[in-house]
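Here is the structure we will look at.
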Amino acid sequence: MSRSRMEAFSDGVIAIIITIMVLELKVPHDASWRSLVPIAPVFLSYVLSFVFVGIYWSNHHHLLQVVERVNGGVLWANLHLLFWLSLTPFVTAWMGENKFAAVPVSLYGGVLLGAAIAYFILARSLLAIHAPDSLLATALGADFKGKISMMIYLVAIPLAFVRPWLACLLYVLVAVMWLVPDRRIEKTIAR
Amino acid sequence: MSRSRMEAFSDGVIAIIITIMVLELKVPHDASWRSLVPIAPVFLSYVLSFVFVGIYWSNHHHLLQVVERVNGGVLWANLHLLFWLSLTPFVTAWMGENKFAAVPVSLYGGVLLGAAIAYFILARSLLAIHAPDSLLATALGADFKGKISMMIYLVAIPLAFVRPWLACLLYVLVAVMWLVPDRRIEKTIAR
Amino acid sequence: MSRSRMEAFSDGVIAIIITIMVLELKVPHDASWRSLVPIAPVFLSYVLSFVFVGIYWSNHHHLLQVVERVNGGVLWANLHLLFWLSLTPFVTAWMGENKFAAVPVSLYGGVLLGAAIAYFILARSLLAIHAPDSLLATALGADFKGKISMMIYLVAIPLAFVRPWLACLLYVLVAVMWLVPDRRIEKTIAR
Amino acid sequence: MSRSRMEAFSDGVIAIIITIMVLELKVPHDASWRSLVPIAPVFLSYVLSFVFVGIYWSNHHHLLQVVERVNGGVLWANLHLLFWLSLTPFVTAWMGENKFAAVPVSLYGGVLLGAAIAYFILARSLLAIHAPDSLLATALGADFKGKISMMIYLVAIPLAFVRPWLACLLYVLVAVMWLVPDRRIEKTIAR
């Protein structure tokens, strides 16, 4: 079973998720700079989520480069990941419209954690149908970044109730950590 | 005539359907956990529909793997299936916003039945242009699950007026039945 | 220059157009059958437009099958067609919400005419870069259906002000004419 | 690393951006021609943005034709471009609903400038991983049009506060300049 349609479908869903989030930037009725102030937190929230969804797309792209086959279980592990990503527009808008209040910031972390776990499951379900010395297994390695991310989310989710801005800072930290290019897969392919 | 553009177009439409449903999760103005309670049924309804649309995508993917050719009639049978799936966001939102009331639950079953019949027609129109000993014919076989699903919908649609939650349970049952991986096509390809 | 990305982009845009139209089916707040009555004309309008956009996708698919090359001019002729199609959700909703009143029905015909002209221009711009004995030229032939459609729209647009339902009937007539499969291109390929 | 998924994802995002802009054309409740008058500026704004996004898609298409490889940095340069393009629906609607008032017209130019800079960065990041005598390097050349566009935006952004219509005229000028087909890449490939 080829991976190409799974890629195409994921590209479609992720493209829509990353784009419809911008619909939550409600157009102000006024034409002044000041009228943009109330939507500034929604915009910031949008930028953060754009980066996160972009990271998932980029990682998904890298991951599937070294995949040799998929099966029904992998398709569903992938749909499970897309499900969590599809909740991003909702939590992004909720967090932005409430100016990064405690509960939405915490739930935002919950959705990020859900997506991280789903990505982990997807990687495992792929490893299960590849040889231990396959490109995929070599490229994934110990998945250090993935595990660190999940631990940071687990800290940030309760922290949001005490210091929401600190939880947000942790989310930004995770994003920055991933933006530093992950050369593992590129290197493995090159070799 | 190649099947690749029919796959690409279907992937696009299904990706949009599965993603725009989340727009019906209206962002609450309040930032409390309690403000999420009213949208809980909309969320449950979304999860159910996400799974159903995911099942259709997965089955569509499997089906087209063994298709050797398509023609104009197949394109329209496919558009007919996409039409029914495109009604999913509407009935999902209606059912969720009315907390699984009788009429919306019944209509939801009607749309599921319409999609099931459309899928059946698509499979028949494909069989009509493939040899009886083709991979497609072998893989589809008696299509036991498809027929059972339609019968369950026919029971659930009137049942919704007496016990809406029982009709919902039947929908969940169908979803679970399909989630158990359908190895027919995978096995046939392997052989 | 390859045609594949032009196909992919067109598939994406047409998939979105055909799917976002359903967002105009506003979910009623009530859970009764009666609450569906006011949206019945919007639904009918949606079905008509789904069929029209489906016809364009199907014809576009057939047309590009026999295309050997594209250039910058073709890309813009294609974008021009997508522009007219992108106005479909607007006129569909306007016509449906006003129960097929004269002005919206007339404007609906105007958008259909615009799309038909754009399709004609696209076909001409493709013919201009293909040999007169190419598959494309043979398959397109005299384009009888395309010319008839434009003439019917030209009749329907003013007719809408006298008898809106008659104009609608003409639109349905055009749709039915196209649904009867156009075997020209399929036959030409087969030969 | 192949460029095909980057193309597919970009096609998806650009297709959605170009299509959801039409959702800002709010359907009037009335069925008269007069009811269309208030949305005329939104329509004009939509047409302008459709052309701009179309230009980006067409240029992106041409650019990637001559790309031999991509890497992680290119993926992010591309996502950065998509980010600026994703802001187009917002500024388009704001500008249209405020009848081309000073501040929205200026911000519209800001988003165009952002996209132009992002496109420039994308081209640079591609040049960095291609040989100086590659097709890409030859085809891009001095990128005269790109530099002129940025300079015009830099003039238009402050000018919008004095004469908004003049700034709009400059935007139209840039669009027309790009619509005149850019044969550089086509010619380079032909050679």
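First chain written, first letter: the chains are A, B, C and D, and each begins at residue 1.
Heads up, the rule we're going with is that a residue touches a chain if its C-beta (ideal position, glycine included) is under 8 Å from a C-beta of that chain, and two chains touch if they have at least 3 such contacts.
Since we're looking at a predicted model, the values are computed, not measured.
Of all chains, D has its CA centroid at the greatest distance from the CA centroid of chain B.
Think of chain A turning onto chain B: fitted on CA atoms, that turn is 90 degrees, to the nearest 5. Averaged C-alpha coordinates put the centre of chain B at 26 Å from the centre of chain C. Our note on geometry: chain A versus chain C, Cα centroid distance of 37 Å, whole angstroms. Contacts with at least two other chains are made by residues 8, 12, 15-16, 20, 23 of chain A.
Put simply, chain D touches chain C in their complex at residues 7-8, 11-12, 14-16, 18-20, 22-23, 25, 27-33, 47, 50, 54, 57-58, 61-62, 64-65, 179, 181-183, 186, 189.
Across the complex, chain A is touched by residues 1-2, 5-6, 8-9, 12-13, 15-17, 20, 23-24, 71-73, 75-76, 79, 82-83, 86-87, 89-90, 93-94, 97-98, 101-104 of chain D.
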